[in-house]
Every structure is written in structure tokens, then in C-alpha cells.
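Have a look at these structures, which come just after this line.
There are two complexes below, and they share chain A, which is joined by chain B in the first and by chain C in the second.
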Partner chain A sequence: MDLRKVSKDPRIIYLITFILLGVPVLYPIGIPIPISDITRDVYNFIETLPEGSVVVIGIDYGAVSVPELQPQSEALLEHALMKNFKILFISLWNFEAPIYIERTMKAVGMDDYEYGIDYVNLGYFPGEGRAMSSFAEDIHQLAKYDYYGTPIEQLQMMNDITSAHDLNAYLSIAGSGHGQFINMIQTPYNVPWIFGSEAVAATGLIPYIASGQAEGIIIGPRGAAEYEAIIGAIGSATAQMDVQSLVHLMIIIAVILGNISYLMNKGEN
Partner chain B sequence: MNYEIIGNLLAGILILMVYSYLYKETPVFRLGEHIFIGLTIAVSLVMVLDAIKKIAILPILNGDLLLIIPLGLGCLVFFAFSKEYYYIYRVPLAIIIGVGTGLSIVGQTHGSLITQVIATILPITTPDIATNLNNILILIGTITVASYFIFTVKQSGPLKYSARLGRYMLMVAFGSSFGATVMTRVAPAFSQVSFLLTTEAIYTIPIVIAALAITSYMDRTKKSAKL
Partner chain C sequence: MGEIKMRRKVPMVILSAAGVWIIIDYLISYPVIQQVSLTLRNWSVIIAGFTLMLGAISTSILHGKKIISKEQGWGYSSILMLVLLSTLIIGIVLTPTHPAYEFLYFNAFFPMTTTTYSLLCFFIASAAYRAFRTRNVDATILLVSAILVMLRNAPIGQVIWSGFPAIGDWVMLVPNLAGKRGIIIGVALGSIYTGIRVLSGYEKGLTGGGGE
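Coming up: the complex of A and B.
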């Protein structure tokens, strides 16, 4: 095979990638997923929280990040419901997020829980860092109405939740902006923090865990698949892992072949 | 009428319209791209207007008249479109930037600087050798990477070697990030392919393959006619 033809026409690589993306969907392989310590730390921390704890699930991603972060949201919500937490949904970074808050609630199923008593959806607030600071200082000042237009005084759950001091944990699942959340909410109010992030952003967030500012991190779809395995709720992230393994293998082979092709060309010249 | 089926078919067509770029750029791809951009802007407009309604308009209508001031200041931003009174929009912009900077300085100084520096001060003589090696690596990495970004003096002598080691450390970090980027890019591709293969959108695939085959044949015919 002339490797130079492959390097000149990337459509061959695209075709192989599409085949590797599609075949495991139709014929799942079921490659085992070992669970990493970093994901288990998240689970262990949430397990330490008592029943009735007030937990914010901050969903702050858009369509681009949905394949990576939506499984994380669903897994964390599933776990929070198992532990009978009081759940507060909010978005302070991405205007598309309310769509995915609703999608997460629909995917997990909230029929057994009462709105206003077990969970509240505050929706999206623009302003990024300013909105975060305002939320942390006085939630009722920022959110006078919930996402559905109900005055916040009419929501029983919100009577005892007035600032970040009243939060037992913040599960922040975001495509970006993690640094602002840490600076505006976590550090000033010492809120226990969990990251849910894309794989590409994870290396920049590990220092926050090393410094003790965050309790743990769920990294990309792999982290979500591990979390699904831990809580026993297999979902879309687990289905994705066969594809991730095969495509990564293909990338490695392509990089090796690319380097061989380069050396061959260099030798000929 | 089952709107979910229609929605899935429409989504399948839009996905394949955008993916047609992998064959070559066509008006079909551009149409899909423009639809995506238009929808994104529409969603952002609806969400922001809804937020303004909840944060400002409804409380004002319920008696909180002080909120008229920030609402009015926000409206001044639209003077950016006026050639004659353009300068007025700087007032709310200055307030936004001033408040944001003031809040950031406090938060960032403590959250991103002081806490992180404290976290690099680690013991290197613990009973566990692996922990000691890890902590020494963190210490060396932090100092050498920081030295790489010293541009106020010439990087010569010990600083030159420290900066070079820092550059290698950065290359390792970026390599790790690149590996993670592959996972980030595969995830949306899997999501779309999975949607195409597991919903009614699968029926759009043969149509698109036929369209691509016809386009390819017509391109080859044109090329051989030119020759």
C-alpha cells in the first residue's frame, strides 16, 4: 500500500472512521471499562453527604458538549436522587443549558419527586462571573422567579436556601468557565465542588483537585461510563466506549503509519 | 401525525448536509451551516429575553422600581448602533467591565493564584517514595515552566536550561491534552452516527449516498470534458 496516497486524500481516513463509529453501534463489543480512582473519588464524596443535603447541579454546556457531558449530568442526577438530596438546577454560563437541564430531568425521570419540595429548576442567568457572584451572595436576589415563572417564595425547598453558605455541594458540569466558578463561588464560600468536564479541559482542572478546591472530577465520556458502572445505571456513555477504544486505536495506527511514510519520503529524497 | 419521526428525519438530513463537507464543500453544506448559526442566535435571543423578563421586568411590574436603573443602563448599550450618539454605550460598558474586574480580582487572586501556589509547596521527605518523587516532579515542573515565561531578561546561563526543561514539560502537558482532544472530538461524531443508525434518520442515508454518487459522477464527467 502506498502510504503517500492515504496522506494526500484524508477521505480514506474519514471513511474508516465512519465505519469504526457505526459498526459498534450495530454490533456492540462490550470492552470492559476499569474504574479509575479519580472517578471513584467523586462517588465516594457524594456518598459521604447525608440524606437531604442541598446539592446544586450546575448544567452549563451547549450542543457542542452534549455527547460528552450529558451522560455525566444523567449519572450524577441519578446518584443524587438515589441519595434523596434536595436538588437545585441552575445555569450560569451557557444560554443553551436550560434545554439540557430539561433533557436530563426527562432522561432520568422525576415523576416520583415533587417539584418545589425535592427539586427546583432556576434556569439560566446571564452575566457569567457577575451572575455567579450574585448567586453565591444572595440566591433570592438573583432568582426572583424559577425557570417556569413561579415566584421563588412559593417554592418550599428554597425557604432555607438563600446563599452559597447553604449548599452542601456544587456539581458543576460545564463545557468551559470552570475557573470563574471556582473564583466566584467555590473559594469565597468554601463550597464542596465536583467537576464534570470535557476530556480536553481535564488537564487544566487537576490542579484544583490537588489544591483541595475540588473533591473530584468526572472526565469526559470515559468518566461518565465509569460512573454509570459504579452506580449501576448503564447508559449512553457506556455504549460510547467501544467506539472510543477503536477510534483511538485507529488514530495511533495512523500516527505510526504517518511517521513511517515521512521517514520513507525522507529516505527517498 | 408523529412529529418525533418528522423531527428525526429532519435532524438526519441536517446532520448529513453538514457532514457532506467531508466529501467537498457544497451549497448543501453551506445551507446546513447557516441553519445552525441562525438557530443558535434564535435560541440565545429567546433565553436572554426570558432571563431579562425574570430578573428585571416581572420584579419591576411587582413594585421593585429600583430595577429600572439597571434596565435603563442596559438599554443604553444599543446606542452602539448610532453613529451620532455612539459614545453613550460606553457608560454601561464601563460599569459592566468595572464590576466584573472588581469581582474577578478578589476571586482570582485567592482562587487561582494564592491557593495554587500554596498547593505546590509539598513535602518531599514522606515515607512513601512514589509520593516524594511525584512532589519533586511537581516542584521542578512548576519552577521550570514559570521560568520559561520570563521574557524580561535574556534567557542565558541557568535560566536557559531551566526554560528549556520547562518547554519540555509544556510539550508533555500539551501532548496529554491532545490525546484528550481526540476523545472530545470522537464523542460528537459517535453521537451523530449513533443517532443516524438507531432512529428513523437511517432512511436518509441511502438518499444522501445516491446524491453523493451522482455528484461525484458529474464532477468526473466535467473533468474529462475539460481534458
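Coming up: the complex of A and C.
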């Protein structure tokens, strides 16, 4: 194949990409997914929390991040329910997030748990850092009502949860804004923190783990697939892995072939 | 001229006073200071909610003018206004938890957004072949690092060779960590400097004047 033809007409690459995206979805290959230490650290930390711990699941992403972050939310919620935690859902960064809080609860299934006693959904609060700061200092002053309009005093679970001091962990699954969460909630109140982030954003969060400000991170759909394997709840992230593997491999081969073509042209000139 | 000066000075005084009060609250634990600080922060959450509405109002005015004067593209503006108003009315009247709102979101907005972003995959694949070149040493190091991290992230990396995840982890945990740490510290120092300028009134851009 003349590599220079591919440079002039990218449709060949588009076609190969399309095939590699579509075929593994229809005919899964089942490439093994090894569990990395970085994901296992998240699991191990959550396992150390006792039954009845108060855990915030902060869902802060929109439509663009759903393929990477929705599987993480579902896996973490599954694990939190297995451990019988008291779960507080909230969104402090992305105004689309409440719809994904609902979607996560529906996907995992909350029928065996009682609203107001086992879990509460506070919805979205605008203001980013300001909302985070208010939430951390006095939850009842910020959130007078839950997402469904129920006064917070009528929710039994919230009687003992008034500030960030009452939280045993914060599982923050966000498309961005992690730095503000750390500045406004984690560091001033020393809340144990777990990140759930897109793969592209994970590199910026490693310093917080190295400094001990966060206990661990779930990185992209690969991290979610690993977490699904650990807790034994195979889901959408695992289904994505064959596609991710093949497309990544294709991009690597494309880079190598492109540079071979470039060097060959350079040599001829 | 005097009126303009007052219009800039009064907001700056309010801004500085509120900012300093919140800093004092962080440093000194005293009930009255805490309560006022918390009230100020809760007020700012309410104001932030209004700014979301402001975006919708600005968009409506812009596209409304286009529709009325039938400028080029007024048809697209009409569709935008129709969708904006229907989503707003459904959300307010029926609430965002209603199936009608979820239907609109997951059958219109969600597929369009994810489709638009999915196109990036094809462009990246094309750019990988046509644009990512090892023109110099820096570009070569960047490309090699990117390939190693990709092989760490994709399960197939470990299938090809069991050493790839360890190398990818090293790239993330050593050179990446060092660089990102420097960026975080630099951003933090810049934020402190900007904050001091804003609170001391030197940053006049916030009230329409030029900075010093």
C-alpha cells in the first residue's frame, strides 16, 4: 500500500476506525483486563470503611463525559450499597449532573433501600467553589430542601450530617473542577477523598494522590472496567474495553506508519 | 466623571470587604464572623444561579433580534428559541424529574452532544497518521511517552508485553507528577497574586476600568 495515498485521503483511516469501533461491539473479543494497583487502592480504601459510614457520591459530569464516568458512578454506587453506607448524592460543579444522579440510581437499582434513611439526593447547587465551601461548612444552610423538594429536616439520615466533618469519604466523579473540590472541601476539613476522572484528566490528579490528599483514583473507562471486575458487577465499562484496546492499537500503528512515511519522504528529498 | 468613579469605587469596596471578611473567617474561629461569612457564601450561590439565567436571557435577546429582523440564519435561530423555550417550560412546569424532560434530554440533547464529540475519535485517528511527527527530540519524547501511556491504559498493552503497564505507571508517577506539581504550585501562586490585586482594588477590569 502506498502510504502517501493515505496522507492525501483520510477516508481510509476513517473506515478502519469505524470498523474497529463497530465490530467488537457486535462480536466481543474478551481481551483480558488486568487489575492495576491504582484501582485496587480505591477498592481497598472503601473496604476499610465500616458499615453505616456516611459517604458522598458527588456526580459532576455532563453528556460529553458519560461514556467514561457513568460506569464509574455505577460501580462505586454498587460497592457503596454492598457495604451498607449512608449515601448522600450531590452535584456542585455541573448543572447537567442531577439527571445522571437519577440515571445512576435507576441503573443500579435502589428498591431495597429507603430514601431519607439509606440515601438522600440533594441535587445541584450553582456557584462551584462557593457552593463547595458552603456545603462543607453547613449543609443544612445550603440545602434547605432535597432535589425532590422535601425539607431537609424531614430526612432522618440528614439529622446527623451537618457539615463535611460528618463525612467518612467523598467519592468525586467529575469531568473537571477537581482542584476546587480539594481546595474547598478536602483540605480544610480533611475529608478522605476518591477521584473518578476521565483518562485525559487523570495526569493532573496524580500529585494529589502522591501528597496524600486523595486515597486513590479511578481512571477513565479502563478504571471502571477494573472496578467492575473487582466487585463482580460486569457492566458497560467492560463492554468498552475491546473497542478501546483495538482503537488505541490502531492509533499507535498509525503514528508509527505515519512517521515511517515521513522519514521515507525526507530521505527521498 | 465623578459618577463613573463612584460606580467603580462602590463595587470595589463591597468586593474587598466581603473578600477580606471570608479570609478572616478562615483564619479566626468566631461565631459571628462564621455566620456572616456563611451567609455571604450562600448569597453568592443564589447569585450564581441568576447568572445561569442571564446566559439564557442574553441568548434569547440575540436570537430574538435575528428572528425579528430576519437576518441571515434566522431559521436556525427560530429552532434554537423553540428548543430553549420548550425545555424551559417543560423543566419548570413538569420538573426535571418528569419523564417528558428526560425524554427530551436523552433523545435530543444527549445523542447530538455525544455524536459531536465522537467525531473527535476519527479526527484524532487521522491526525495520528498525518500530523504526529517526530520532527525533533522533544516531539519524539512526547510521542514515545504518549504511546507508553496509551499502552498502559488499554488492556491490550499488557497482553502484548507485561512490562508496558509498569513503564506507563512510571511515566505517570515520575516525570508527569513532577511537571504537574510545578504547574499546580505555579497556578496557586498566580491565584494568590491575582486575589491580592482584586481585593486591594488594583484590578479595575472587574468594574469596567483598565488594570494598573
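The definition used in the following text is that the second predicted complex is superposed on the first by the 269 of 269 C-alpha atoms of A that agree within 3 Å, B and C clash if a C-alpha of one lies under 4 Å from a C-alpha of the other, contacts with A are read in each partner's own complex, and residues count from 1 in each chain.
Heads up, the rule we're going with is that a residue touches a chain if its C-beta (ideal position, glycine included) is under 8 Å from a C-beta of that chain, and two chains touch if they have at least 3 such contacts.
These numbers were taken from a predicted model, which means no experiment stands behind them.
Visitor: Check whether A:E102 is in contact with chain B, with chain C, with both or with neither, and answer first, second, both or neither.
Guide: A:E102 sits against chain C, while chain B stays out of touch.
Visitor: Thinking of the overlay built on chain A, is A:Y262 touched by chain B (first), by chain C (second), by both, or by neither?
Guide: Touch partner of A:Y262: chain C, not chain B.
Visitor: In the overlay, answer first, second, both or neither for which of chain B and chain C A:G220 touches.
Guide: In the superposition, A:G220 contacts both chain B and chain C.
Visitor: Once chain A of both complexes is superposed, is A:A254 in touch with chain B (first), chain C (second), both, or neither?
Guide: So A:A254 only meets chain C here.
Visitor: Which holds for A:P67: it touches chain B only (first), chain C only (second), both, or neither?
Guide: both
Visitor: With the two structures laid over each other on chain A, which partner does A:E137 touch: chain B (first), chain C (second), both, or neither?
Guide: Second partner only.
Visitor: Given the touch rule stated above, what does A:P32 touch, chain B (first), chain C (second), both, or neither?
Guide: Second partner only, chain C.
Visitor: So in the superposed three-chain picture, is A:A239 touching just chain B, just chain C, both, or none of them (first/second/both/neither)?
Guide: In the superposed model, A:A239 contacts chain B only, not chain C.
Visitor: Let me check the overlay on chain A: which residues of chain A are in contact with chain B and also with chain C?
Guide: 14, 17-18, 21, 63-64, 66-67, 95, 98-99, 125-126, 130, 133, 142, 179, 188, 199, 202-203, 207, 210, 219-220, 222, 244, 247-248, 251
Visitor: Looking at the complex, which residues from chain B come into contact with chain A?
Guide: Listed in rising order, the residues are 22-23, 40, 43-44, 47-48, 50-51, 54-55, 58-59, 96, 99-100, 103-104, 106-108, 110-112, 115-116, 118-119, 138, 173, 176-177, 180-184, 186-191, 193-194, 197-198.
Visitor: Enumerate the contact residues on chain A facing chain C in the complex.
Guide: Interface residues on chain A, with respect to chain C: 6-7, 10, 13-14, 16-18, 21, 31-34, 36-38, 62-64, 66-67, 95, 98-99, 102, 125-128, 130-131, 133-134, 137-138, 141-142, 147-148, 179, 188, 199, 202-204, 206-207, 210, 219-220, 222, 225, 241, 244-252, 254-255, 257-259, 262.
Visitor: What part of chain C is in contact with chain A in the complex they form?
Guide: Touching chain A from chain C are residues 26, 34, 38, 41-42, 44-45, 47-49, 51-52, 96-97, 102, 105, 109-110, 113-114, 117, 121-122, 124-126, 128-134, 143, 147, 150-151, 153-159, 165, 169, 172-173, 176-177, 180-181, 183-184.
Visitor: Using the touch definition from the top, list the residues of chain A that touch chain B in their complex.
Guide: Spelled out, the residues of chain A in touch with chain B are 11, 14, 17-18, 21-22, 25-26, 63-64, 66-68, 95-96, 98-99, 123-126, 129-130, 133, 142-145, 149, 179-180, 182-184, 186-188, 198-200, 202-203, 207, 210-213, 219-222, 239-240, 243-244, 247-248, 251.
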